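By written order: A, B, C, D and E. Residues from 1 in each chain.
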Amino acid sequence: MSLGLFFFLAVLAALSALGVIAQRNPVHCLLALAVNLLDIGVMFVGLGAVTVGFLQIIIYVGAIMVLFLFVIWLLNLQAEGFSGYLGLKLFGAIGAAALAAEFATLFLHTSRISTPGASALTQGTITTLGRHLFSDYLVAFEITSLLLLAAVVGAIGLARRPPLSAGLSAAAGSDLATAESPRQMSRSMSVSAEQQTTTPRAGSA
Amino acid sequence: MTPLNLTTIDFSWLAILPLIALSVGAIVVMLAGTRVDDEDSAALGFIVLVALLAAFLLTMFELGQNTAAFRGSLAVDDYAVFFEVIIIIATALTVAMSLEYAADAGLAGAEYYALVAFAALGMLLMAAAGDLIIIFLGLETMSIAVYALAGFIRRDAKSNEAAIKYFLLGAFSTGFLLYGIALLYGATGSVRLTAIHASIAARTAVNPLLLLGLGMLLIGFGFKVAAVPFHMWTPDAYEGAPTPITAFMAVAVKLAAFAGFLRIFFTSLDPLATEWSPVLWALAVLSMTAGNVIALVQSNIKRMLAYSAIAHAGYALVGMAAANGREAGGAVLYYLLAYAFTSLGAFGVVVALDRGAESHAQIDDYRGLARDHPGLAAAMAVCLLSLTGVPPLAGFVAKFYVFAAALNAGFTGLVIIAVLNSVVSAYYYVGVIVAMYMREGGVAVESMSRRPGLLISIAVGVAGVIALGIYPQPYMGAAVNAFASALGRPALHAVSMLP
Amino acid sequence: MPLTLLIFVPLLGAAAVLLQSEERSVWISAFIFSLIPLGWSLYLLAVFDPHASGYQFVEHFPWIPQFGISYHLGIDGISLFLILLTTILISLSLLYSGGGDIESRPREFCFLMLLLESALLGTFLALDLFLFYVFWEAMLVPMYFLIGIWGHGRKIYATFKFVLFTMLGSLLMLIAIIYVARAARGSLGYVTFDLPELYKIRLSATEARWLFAGFAIAFAIKVPLWPLHTWLPDAHTEAPTAGSVLLAGVMLKAGAYGFIRFAIPLFPAVAVEAIPVFMALGVIGIIYGALVAMVQPDLKRLIAYSSVSHLGFVTLGIFAFDTQGLEGAIYQMLNHGVSTGALFLLVGMLYLRRHTREIIEFGGLWSSVPIYASVFMVMMLSSIGLPGLNGFVGEFLILLGTYFSRKVAVYGAVTGLILGALYMMWAYERVMWGPLTKAANVTIADLDKREIAVMLPLVGLVLFMGLYPRPLLNRMQPSIDALLVRVKDAQAEVQREQVVASSGFLPESAGATVTADVRGSK
Amino acid sequence: MLIELVIGAIKAIVIVLLVLGLSGVLLWFERKGAALIQDRIGANRAAVFGWGRRLGLPNLGLVNTLLADPLKLFTKEDFVPDGADHFLHGLAPFLALFPILIAFAVVPVGDTLRVAQRNVNLQAAHVDVAALYLLAVIGIGVYGLALGGWASNNRWSLLGGIRASAQMISYELALGLAFLAVVVTYGTLDLQEICRLQGGVWFGWLPRWGILVQPVSFLLLLTAGMAESKRVPFDVPEAESELVAGYFTEYSGGKQAVFMITDFAEVVLVAVLVTLFFFGGWQVPWLYADGFHFPGPHGVFLPLPNYVVAILQIVAFWLKTVFFCCFQILVRWTLPRFRYDQLMQFGWKGLLPVGVLNLILTAFVVVIAGAHY
Amino acid sequence: MTPISYFLVLSALLFAIGVLGVLIRRNVIVMLMSIELMLNAVNLAFIALGRQVGSIDGQVIVFFVITVAAAEAAVGLGIVIAVFRNRATVNADELNLLRW
């Protein structure tokens, strides 16, 4: 990757990262994050990690961020005033700056990190990646599937509509839940239309 | 382009059969869950128990193998078996505790038990990990399942809050852990533990990347094992979570985290022991002191046990810090074993006081427990005394072992601090005993005869506490051998454990 | 397995008691199970070889061999009588407590008493440091429950204080124990917790000082030595009668026993160095205890402080480091066990009748309860040290032993003795003599049969030990002499080093070599 | 170097113009198609000053729609509702259109063209992980609609946006699975390569088009693709009867035009994908690089120069594309709209399992066969 | 060509910004986003270092990290929703039932 392109992307990444933590409106934060992720994905491609770069865009930007977007909408989050403890913020800012500075100094002064010779290995084509996934990292790869399954089960366990026996009032109150039947669907639609904050989110992710 | 040949993959059934057993169990639970009401979810618990039993038996086949599988990404050694066995037992006891709890509290049974099984699966991976990625994935599988479980009482604001706090800080720490892994990878060029060890050992000058990575790993694991100052999530998560899950978090999760922690630091990063040992020293002192002192003022027993868990992590860290002479690792393993049984017993009693999802965990709720339920009170007393370190219970022998190891390494100051902390801890443990035996007027407890699962898990916990205290020799031997196997050394059968 | 039996019969009894449901059968079975060790210890006394200085009835099995920890039991002349004292007092306490002193939860009470017996016996029998520590700590737990559940007044405060104090001391001792065991590797080539083996190891002076301090603090808290005694009055006062009896009668002795068995023989040189400190603490304890006892309005508290005073004598005797002093110390331990135990029982009986222990509430009891008053008098006189009773023998021997080495201490001790007579007499006068001013005191009952049965053996012991101490002293002497040999060697060595160092005849390092050779030759 | 850039620019511009043009034509065709199916004339007043009719020709509705519609839209007031997020409201349409347009960058419209000793690959950008690239840009496409709905500060818009993004994400899975089956079959992510592999014949006469090996995948891709483009029967995000116009209710003027173009560009994209994966892309039956061989390599040979072959390929490609565009529009006027929950059920419980099974079966066959296509 | 250390510096910067975000923001969703930012920075470090050491392991790891991030986000957002249902807030400072 050429130096010019790097600096362009780096500045964009830094700005968008600052945008994530500095903007008041969560949607704007989210957009900044999406830009950041996209930017880093492009950087991956520039570093030879083509497959992973695209995966980053597909999964992060295309799916995870949209999931965030849904939740922000679902909870009808508005721009927030800056609250909290100034001291904490100051402390956090100083600490983070120190962290970054320390790392930066070390990275820049470590002789080992220099310009690399790009070997064929580092070209992240889908073939090389696949070969590693299915040999050295076979267990890890298989575990990932279980990890995702666990996450799905966990999310459902947390968010699924309580059983009817738990009281209809609770069920009706939680209009955010998955609509499972047309009847429930219409009810939750009507509620959400009134509140504008909500949506049936059947299988949204 | 020739396709990948399946026969060239280093495929070893032995290493993954327990994992397969658990995942099959989890899937069967989910399938069966569609036909079972939440009120009858105990049946699903039994499925998990069967899966755990299968995993246990399959684990036993790995004993004494001391090989690596899947190109070194899984270790099949006694160390793994040691932790796997404890984790499986801890999970089984958690499930047994939950049999009645989950149904009474109206938790979503299928998801609950499936998540427990998934979490256990992640823990087994951490115990058997041969590279950093497996540790990371195991950790995440476990954590993600437990995040959800912590918030499983959906209508309870406290449970929600516990989950969100646990989740946020857990994910936060994952970031640090990963950065550490990245730097370690950059410094050594590999994520395999053996390769990392070789790379570090071969180098004379210390790479700053390596030190940064080490620091980040310490922060990450510090969070996971709840060492001060990375402990902020612990009390909140423990208090709000459903009580059996609190037990699960306090025992199995902590054990798995330590399994990974010890494995990385003793098999890969041991050439850097002079760098990390002082840090662990400081963490140990902070954890013990802060944990014990803050526990003094707690009025909620789950919270108190959370702080006590922090303190106990500190004691385990004493052993780790002392492990310049690497045999001391056996002490940490034994400590964790003893802590596991003790904590399970104690939390079992806490579960017994719950009514459905409603928690009666104020220490005042325990007043007069000895009069109505002498058995429960006695079990609690035994466990608390063991946590205090009163002989001849497990906690004492464990503390003895750790202190011996630390003294042996010349950490006299650290041991004195630890001992003073033990005295402080006696104060709050004894406070609960006082409430149970010497005061009147707590809450009414449901009959235990209705809750055989809970009864059994408490009994197993207490039995473990006593057995480990009175006849520790075989378990100590197992711990030492397990540790030796992780280091790739022959088992130390008749050799003295205190060099 | 004669000694294992001694430890495990009470445990078995404890389990058996838990199975009983009826209150009466609980008391009976507990009492029977306490009689078995009593009988057994009497048998051991009979077959004990009075001339042997070593350990008898030794049992030695590996326990945690990786650590060099073994299950090692044995009796010598020192522990023999403490065991007897324990078994006797436990049986009598159980007999007494069954008579109405313990109203609630008798089953748990008996269970804990038997547990306590097992732990106490184990403490006196153990010849392995680890094993000793296990029993040492284990005796804390039942005692804690005894005070906490069946105690009076500020019992919870008292239990906390008791537990925290003792725990602090014993955990420091644990560190010292581990350190010593590890140090064995340097001298012996292997790690061991076995006491006879550890007698052989060599430590640097600094190490020895720290380790001695570790042991000494634990034992000093238990004894208790001034200024570490503050837990004792509270614990004694708030404990139920049986608890006080065992606390004063046996547990305090465990501390003194620890000095004699562990701290001193393991680190004789340091012990010799520390003589002035302990002498001073002992004398302060004697006088302080007596003075504070004098102003106590509560009878039980008075007796508790008298314990501080008496145990000061014991310390004095131990650190006299000669035959008479040590014999006296051990004898005084037994005396104190018998007479103070009896006094606590008597106060308990009074409390049962009047539900108060304030001295001011009584007066003129002599006329309403004559038997009680006479027994009380015997015990009081024994406690004061009236010639002809047991207290005299012990105190006399201690003073005799101390007189040879530290005359100053003797003056202090004698002062304490006089003060002791003073507060005891004065208290007795206020309680027993004078007019019967309080109506409630007129109608109280005298000792019943059970109470007489409890007190009779104690009175017998007081008389026997006062009149015929020979058989006891005989059996102690070989063990004491063996201990003294170690101390004298160390003493000589310390002096030699001082001479060498001060004369400047040899450079210090060379001097050290010489002394090492001297020691090696023994 | 420079010449490469110039060639690249030319290819890009041509393709974008073609797509935009085709979108415009589709707008007109949709109206006509609607009329045809509903048995009316349709768009019958669209004429340039009535010239066509006066000259006895069919009216110039196409020209009219291509010119007048955009002209009208772009000259209308650009209205931004009160309380809307101005920046995002303005950004959203372009955020929607842009990813669709850049998706065409990797679409091969023909094989190699030899011009002046230079081999020109008839593909704007040769990316060897093109399939991934497509998935990535389609994924990004969600933002435009979602943010457009949100930024309008209108509940109908928001609901439309939510529906749109939920629908797109859901059907992206089926789309991805269809992609994967194809990729596994051909063993490459390179679209040009996939097209090339579809050349030649089976049994001596049958063109080796993907539809014959991956029929299930074809159905999946077509269905999911239509859902991605939010067209009837999957048009719940802009269901007029429920949500006015869904996420672009509050859009007018040029921004609305951009949204509309996006819609049709998506139709084109789906058609292109179907063509590429299952109908040989630019392959003309029996046409090889050197000319026709009928019915197979050993049959009758009709030699053709390279540029003719290239032109034939390009034409074939666009013909196929247009065919599938028309097909989609026909479907639009044939099927009723799904209800939202049915839509989700269909995606998650219908397409997804089928896609997974198809993928597993494909992988199985590939492994058994021991090699790729 | 850009030196690898530049990428590492950028990754450290992004990581620090993410940490800062977690510390100063009180909206749990934004905190979650900051955590994603941290993971993203880690990914960048992995890729850069992977190129540095000349192995593809770094990219494989990033593949796993992305997956894990997805799973974490799913569960995390599920928890956020559950919290919101009961408490109608996502402000970390208002989640104060559990303290000390």
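For the reader, a short list of remarks on this structure follows.
Note that contacts are C-beta pairs under 8 Å (C-beta built on N, C-alpha and C of every residue); 3 or more make two chains touch, one makes a residue touch a chain.
These figures come from a predicted structure and were not determined experimentally.
Under the contact definition, chain B and chain C share no contacting chain. The fewest steps needed to get from chain D to chain E, moving only between touching chains, is 2. The largest tally of C-beta contacts between two chains is found for A-E.
With every chain reduced to the mean of its CA atoms, the largest distance from chain E is reached by C.
On a Cα centroid basis, the chain most remote from chain A in this structure is C.
Of all chains shown, B has the CA centroid lying nearest to the centroid of every protein CA atom.
Chain centres here are Cα averages; for chain B and chain D they lie 54 Å apart. Once the centre of each chain is set as its mean CA position, chain A and chain C turn out to be 69 Å apart.
Here the CA centre of chain A is 7 Å from the CA centre of chain E. Centre-to-centre separation of chain A and chain D, using mean CA positions: 28 Å. Across the assembly, chain A contributes 51, 55, 63, 103, 107, 110, 112-113, 136-137, 140, 144, 147, 150-151, 154-156, 158, 205 as residues in contact with two or more other chains. For chain D, residues touching at least two other chains: there are none. The multi-chain contact residues of chain C, meaning those touching 2 or more other chains, do not exist; every residue touches at most one other chain. If you check the complex, the residues on chain E that touch chain A are 1-10, 12-21, 23-27, 29-30, 32-34, 36-37, 40, 43-44, 47-48, 50-52, 54-60, 62-64, 66-75, 77-82, 84-85, 90-91, 93.
The residues of chain D lying in touch with chain A in their complex are 85, 88, 128-129, 132-133, 135-136, 138-140, 142-143, 146-147, 150, 155, 158-159, 162-163, 165-166, 169-170, 172, 189, 339-341, 344, 347-348. Interface of chain E with chain B (complex): residues 8, 15, 18-19, 22, 28, 31-32, 35, 38-39, 41-42, 45-46, 48-50, 52-55, 57-58, 60-61, 64-65, 68, 71-72, 75-76, 78-80, 82-83, 85-87, 92, 95, 97-100.
Residues 63-68, 105, 108, 130, 133-135, 137-138, 140-141, 144-145, 148-149, 155-156, 159-160, 163-164, 167-168, 171-172, 174-175, 178-179, 181-182, 185, 190-191 of chain C are the ones touching chain B in the complex.
On the chain B side of its complex with chain A, the touching residues are 1, 4, 8-11, 15-16, 19, 23, 26, 30, 37-38, 70-71, 73-74, 106, 108, 111-112, 114-115, 118-119, 121-122, 125, 133-134, 137-138, 140-141, 144-145, 147-149, 151-152, 154-155, 163, 186-187, 207-209, 212.
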